[in-house]
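The structure is given below, and queries will be raised subsequently.
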Amino acid sequence: MSLVSSDVAAQLADVGRRFDARNWVLGTSGNFSVVLGRDPLRLAMTRSGIAKGSLTADAIVEIDEDGRPIQPAAGRPSAEAPLHVEIARTRGTEVVLHTHSIWSTVLSERHASAGGVAVADYEMLKGLEGVATHEHREWIPILENDQDMARLAGRVRQLLSDHPSCHAFLLRRHGLYTWGETLPKAVRHVEILEFLLEAVGRMEK
Amino acid sequence: MSLVSSDVAAQLADVGRRFDARNWVLGTSGNFSVVLGRDPLRLAMTRSGIAKGSLTADAIVEIDEDGRPIQPAAGRPSAEAPLHVEIARTRGTEVVLHTHSIWSTVLSERHASAGGVAVADYEMLKGLEGVATHEHREWIPILENDQDMARLAGRVRQLLSDHPSCHAFLLRRHGLYTWGETLPKAVRHVEILEFLLEAVGRMEK
Amino acid sequence: MSLVSSDVAAQLADVGRRFDARNWVLGTSGNFSVVLGRDPLRLAMTRSGIAKGSLTADAIVEIDEDGRPIQPAAGRPSAEAPLHVEIARTRGTEVVLHTHSIWSTVLSERHASAGGVAVADYEMLKGLEGVATHEHREWIPILENDQDMARLAGRVRQLLSDHPSCHAFLLRRHGLYTWGETLPKAVRHVEILEFLLEAVGRMEK
Amino acid sequence: MSLVSSDVAAQLADVGRRFDARNWVLGTSGNFSVVLGRDPLRLAMTRSGIAKGSLTADAIVEIDEDGRPIQPAAGRPSAEAPLHVEIARTRGTEVVLHTHSIWSTVLSERHASAGGVAVADYEMLKGLEGVATHEHREWIPILENDQDMARLAGRVRQLLSDHPSCHAFLLRRHGLYTWGETLPKAVRHVEILEFLLEAVGRMEK
């Protein structure tokens, strides 16, 4: 029997519809995960190649601490499962969300040579967990994109260690990763960061 | 028993959905208030940290003339409650709406050194209460953002006194405040001003 | 008894929702009319100060050939009623639609000194009635905005005479007027023209 | 009896609503086709002059291998039927989708003199069938627009032969053509390509 409750699936479907309406998960892009248990680490994760605007319960599979499916017959998780596992483990966070928006893609390229985007002095920054004032400078690191997921997961681990207080990172020409203690908090992070990246992007032009 | 009728809550929920669909209240940004009584001043106000696209009745709390909750157990109002109280008192207006859009954020920064944005000669200006012709110059003052709400409320009071006919103001890198005698009139002001700020912003580039 | 059938009102409500979702009638901007009879000329017209995204039957009033309400108690028509009457009479068209989009506003200003916008060689031009090839140059004249509706109606009459084959015109910093033999055809014109103005606007930058 | 099942019509209607909500098929622009049989070649195709946001079963007609309607009384297929037939035959693909977005229009003009747009190194490229890494360079050829459909179909045939691995092409100042083995795969291609064209377009500015 699946550890993934229909409630979790329904909540992820809501998030998928919300992000899809904003063009943050076009095609079958983006992937979402929720921690189901810690010992051993188990995540519910969106399957590979699934449109996020119409998620159904069978679009969510369980993965283990190596990002492998618990029930391979239920379908293959997103190829980026190891990144979700890495974040869930290193940050001790319950939910990881990855979106592919126009502005995160554009900014991830414009600021690639600097290794990250600095976002400072916006009221919206207060939507990031633990930030209590707009007088905050958030550094959003940018990683080179890579199809070797083991290698990329290693670089994510390093990044999270180098930037212990970051709330998100970008993969170059790829998209945004952020997380939260609960699904609403992680959704809020996506919305805040997508807003800030668009604001910064339009300000720069 | 709450002074906030389910009708007021339902109307604010409609407004929240409308603004959310336009990305003007992403994350848990934005806050709304409605005057419930004048003597003493009482407002219905959105709670802190609530997503405006899915407001329920318990997301609205009552506050007093100092912006404090009447029933603390019902939840904390938005931190910006004192600004709403200030506007409701000084302007004698019934509804105050605050949104966080991309264009109000961008314009609040581009024009910060001028202390405001001038918007002139647009037909849309006629959507502002009391404006009967496009041959009107609306000055939208910009205040520096501040986390000290008592201090910021004082500056709002000064601003409203310095600009007795203004229909709105911007907080720098933060968003738009506007108001109206009724909820539909305040909503109209938000829509008119968001339109004008985007038009001005695109024209400048 | 009203000449405005509930069917006409329902169709205009659909159009209003469609345009509202695209931010072409924010605030209470925009107005729509449909010819009810020709001898004498009678139009169904949206009332003044009504949000177009939630039109109800009582938001539509009948006007005569001078743009005056047939039943004054039913409410005031949009102030721009004389322009609708002028177009319906001069062009012999059944439906007139007026929208206020960002791009029509921006283009109406950028091209004001030229007196119009030329749009040429787009496939989308074929969506304009009678245009059979993209190798077409559509001239969209721009009129100075004016609050004197009698005077503006006179200038509209002159414009329609000077540009006998135009499908639309812009009012400066105000918006788009277009028309059609049926409601779907007029709606198609709005969509085609809004698309073209945005495409031209983004190409110019 | 029609070969077009109500299921196919319902699925195309879903796609139409989805693309309409994103402004990719404004007016009556865009057209969709699905192969019904191969020997002889038969396609279900959207009728000419139909709004794609509200497709009904009678908005889909059957066409033969020359793009002519099987049952002329059922209505005229889109004028671009011969292009769909050409793609379905040459590529052996089951579904052809054509959209008219702002960004495909803008890019088709900006890159016309180069004969195509190169899109490289984006993660989103993996959404194109057979592409397994972002380290891919997709060449999207651009054809001059033409109202002579036989001639244009010939140039499409040549283009597909010259670019055997391309997933799409643009018609200049007109829009995007792409295809897929199934309707969901073709829809995914539209979404991926519209995303990439917008990203490239915003990056260039």
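The chains carry the letters A, B, C and D, assigned in the order they are written, with residues numbered from 1 in each.
Keep this in mind: a residue touches a chain if its C-beta (ideal position, glycine included) is under 8 Å from a C-beta of that chain, and two chains touch if they have at least 3 such contacts.
Nothing here was measured: the structure is a model prediction, and the numbers come from that model.
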| item | value |
| --- | --- |
| Touching both subunit C and subunit D (chains) | none |
| Self-contact between copies subunit B and subunit C, residue sets same or different by half | different |
| Distance between chain centroids, defined by C-alpha means - subunit B, subunit C (Å) | 32 |
| Where subunit B and subunit D are represented by their mean Cα positions, the distance between them in whole Å | 45 |
| Contacts with 2+ other chains: residues of subunit B | 21, 205 |
| Chain-level touch network, classified as line, ring, star, complete or other | ring |
| All touching chain pairs, where touch follows the definition stated at the start | A-B, A-D, B-C, C-D |
| Complex interface listing, subunit A residues touching subunit B | 21-22, 121-124, 127, 132-135, 184, 188, 191-192, 194-195, 198-199, 202-203, 205 |
| Subunit C to subunit B touching residues, read off their complex | 21, 23, 26-29, 51, 100, 102, 105-106, 109-110, 145, 147, 171, 173-175, 201, 205 |
